[in-house]
Amino acid sequence: MSDKNRPIIEVKNFYGYYGEKAGLKDVNFNFLSKKITAIIGPSGCGKSTLLRSINRMNDEIPVYHTEGDILYEGKNVYDSDVDLTVMRKKVGMVFQKPTPFPMSIYDNVAFGPRIHGLRNKQKIEEIVENSLKQASLWDEVKDELFKSAYSLSGGQQQRLCIARALAVDPEVILLDEPTSALDPIATQNIEVLLEELSENYTIIIVTHNLAQAVRISDYMLFMYRGELIESGATSAIVKQPENKLTEQYLNGKIG
Amino acid sequence: MPIREIKHRMNSVAITAIAFTGIIVLILLFSFIIQEAVPAISEVGTKLFTGRYWYPTYEDDPEFGLLPMIVGSLEVTGLTCLFVLPLGYLLAFFLFEYARPTEKRIIKSAIDLLSGVPSVVIGAFMLIYVSPLMFKFEIYSPENLLLAAIGLTILSLPYTASLMEESLSSVDKSLKEGALALGTTRFTAGFRVVSKAAISGILNAVILTVNRVIGETMVVLMVAGGAAIFPESLFDPVRTLTASIASEMGEVAQHSTHYSALFAAGLILLVFSFILTILAGWISKKNRHV
Amino acid sequence: MKLKKDLVISNIFRIVSYFIFTIVLMIFVLTIGNGISYFSFDFFTKAPMDGMTAGGILPAILGSLSVLALSLLFSIPIGMFTGIYLAEYGGRSAMAQLIMTAITSLAGVPSVVFGLFGLSLFCITFGFRTSLIAGSLTLSIMTLPVIASTVNEALKAIPRTVRESAYALGAKKTEVIFKVLIPYARSRILTAILIGGGRVIGETAPILLTGAIFFSTALPNSIMDPVMTLPSHIYYISMAYGENAQWMAKGTSAFLMIFVLIIYGIAFKVRRKMNER
């Protein structure tokens, strides 16, 4: 069975509530393997909520509860026997503000493998180098691996966070507005990086930057007030949006 | 179960269990103090708190009236607050509103460093350098109420000033700017607007200062004079609850009435500070919206 | 005209503040200046002799350091775990509120009352009598609230996304706390420990009741022995000895003051560096 066009994350009749208020209403969508899918929409539409529901990051919010299923490789991530620490190795996340840990560049990337039990120094070195190379950061830091991660620029720190997420060998990478805190050049670097990474990883990115979504994504979801309004191939939606709201958003009339 | 999970669970249990130490300590504190104070209360009765004479070492007919010390504590605290609260506010206001950056840095550093000076060193300082001045002015008791108040003021000023300065600084800048934009003086902006907004923080600072001063031992022990009388002038010697405990505990027989009476003095202090702490917490909770 | 009012008031405030500053400076200068002249090799290596008219303060220095070390040994781990509980486990539960209230109440209790508590619990009930261990335990209870509340606030101040990044990599709660959060907050925690330490070394009343003795010749042999400490030494000399012994009080005051100033100086430097990050 071909690897491409295989649904890797299936969202079925999914509702997400913050207390009484519904942040997500009846969302249905299949994210395809090794493609870049962008989730777009105006502030408050639920795009971050959806993303954070996939790796259950919203568990940290006590008032959040859900209905419906999100399947990863066929298994519901909300099942009671799911080990979050294992699942999150496979589904990684990068946040809007770069969050380097208070340690060296090397230790930041090695953090994931180490806590999952890897002790072999050789193997760790390989993984660190490999991840930094994949994140297009290796050449810039290879001589200063043991300097503090805070010595890097904003764009470099964000690539470090991507390297860190890659180090645990995920299949899916979730990104929540990864470039909104960066300057245009750093943003471009990250966009190029994501396109390269989609050869090997499934990328799901939330962004309020419409142009960015159009630039890099294969598929798009447009959300509005908690509902999935329209979804499909990016080129198709941009050329001919089916829904009025989508059209308005694409033309800058709402949002 | 994998080791990683075991480690995690053990750590979590340890964290939760150890956190209980705080509550346990507080409960033990109250129970031990009360337990040791009870004998005196039952033997002497209410006269323990209302009696005007404290002669615990008389063999024939010892008297255990804590009132002079209670009054002493109140007077020392009152006089000190009279000095330190306005001074602390003034200093905080200056640092907040008028001080230039270099001035602010230098003065703040000095005040912060002062906060670390042990009370016994301040007490010794007062005793060695200031007390002799009393002789010059022909005051009969070189150790007295005024001296204690001055020493306590020096001791608590950093605490009071920094608490007040923090509350002023934590008020949203837009409030001050709004007032200035209306054409007020900086003083009015700071006094009538920012201070009002920071009132709960300032009140908090007042309560905490009172708590701190009434609980102070060494300065009063060394320079207040130690006579268990009712001070009538600033220059009378005075004795506080704290000083009595510290100075007499070394010489009492365990479990004697004297011993127990000193615990009763401690109980008064404990209850008083507890009430003040709860009061402070209640006030800051009420004003959370600021 | 309004400007004039500001000018007048600001200058009055300025003068008063400068006056306070001068007095503070004077206290430092007089105490250290007059005491330093008594520093000598003997001062730091010998025990007091001849009724405090000669010799040095070595036993008091050693005693103070022992008390400091022992009390931090207890208060740091307990304080940190309590702070961690409040920030990461308790949330808004009733238990957390209770612990928080207990901590805040303990922070306000007068030091001499802790002395009474230490006396009745450690010295008498546990049978430690006047000893290093009793004094240290008492002081560790006093420092516990400061460390606990600082750790609590420092952890709460860490941005949410740092925490979430660690969880997103598959870390368990305790791993996130000890491998990411605590290192992140280490400057603030260090400052609190230094300030706590400064207090321990300077506190007199509790140690008078539970651990101090006015004279001993050497290092305490065991933790069950009473100790001389710097602050209690100053107190005893000031109150019980005559003019000829005052030099020792001045010297000890100077030493204690310098020691505390250094600790606090380091603590504030750490805090300033942290604010710049």
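We just call them A, B and C in the order they show up, numbering each chain from 1.
We adopt the following convention: a contact is a pair of C-beta atoms (placed from the backbone, for glycine too) under 8 Å apart; a residue touches a chain by one contact, two chains touch by 3 or more.
Predicted, not measured: the structure shown is a model, and the values here were computed from it.
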Leader among chain pairs (count of C-beta contacts): B-C
Per-chain CA centroid nearest to the all-protein CA mean: C
Interchain centroid distance [CA atoms averaged], chain A/chain C, Å: 47
Centre distance in Å when chain A and chain B are each reduced to the mean of their C-alpha atoms: 54
CA centroid of chain B to CA centroid of chain C, Å: 16
Of all residues in chain A, the ones touching two or more other chains: 115
Numbers and ranges of chain B residues touching at least 2 other chains: 4
Contacts with 2+ other chains: residues of chain C: 172, 175
Complex contacts: residues of chain B adjacent to chain C: 4-5, 7-8, 11-12, 14-16, 18-23, 25-26, 28-29, 32-33, 35-36, 87, 90-91, 93-95, 97-99, 103, 106-107, 109-125, 127-129, 154, 157, 183-187, 208, 211, 214-218, 221-222, 242, 245-246, 249-250, 254, 262-263, 266, 269-270, 273-274, 276-278, 281
Chain C-touching residues of chain A, taken from the complex the two chains share: 55, 57, 60, 62, 84-89, 92-93, 95-97, 99, 101-103, 111-112, 115-116, 150, 161, 164-165, 168
Residues of chain C defined as touching chain A within the complex: 91, 159, 161-172, 175, 179-180, 183-184, 186, 277
Residues of chain C defined as touching chain B within the complex: 2-3, 5-6, 9-10, 13-14, 16-18, 20-21, 23-25, 27-28, 30-31, 77-78, 81-82, 84-86, 89-90, 98-99, 101-117, 119-121, 124-125, 141, 144-145, 148, 172-175, 178, 195, 198-199, 201-205, 208-209, 231-232, 234-235, 238-239, 246, 249-250, 253, 256-257, 260-261, 263-265, 268
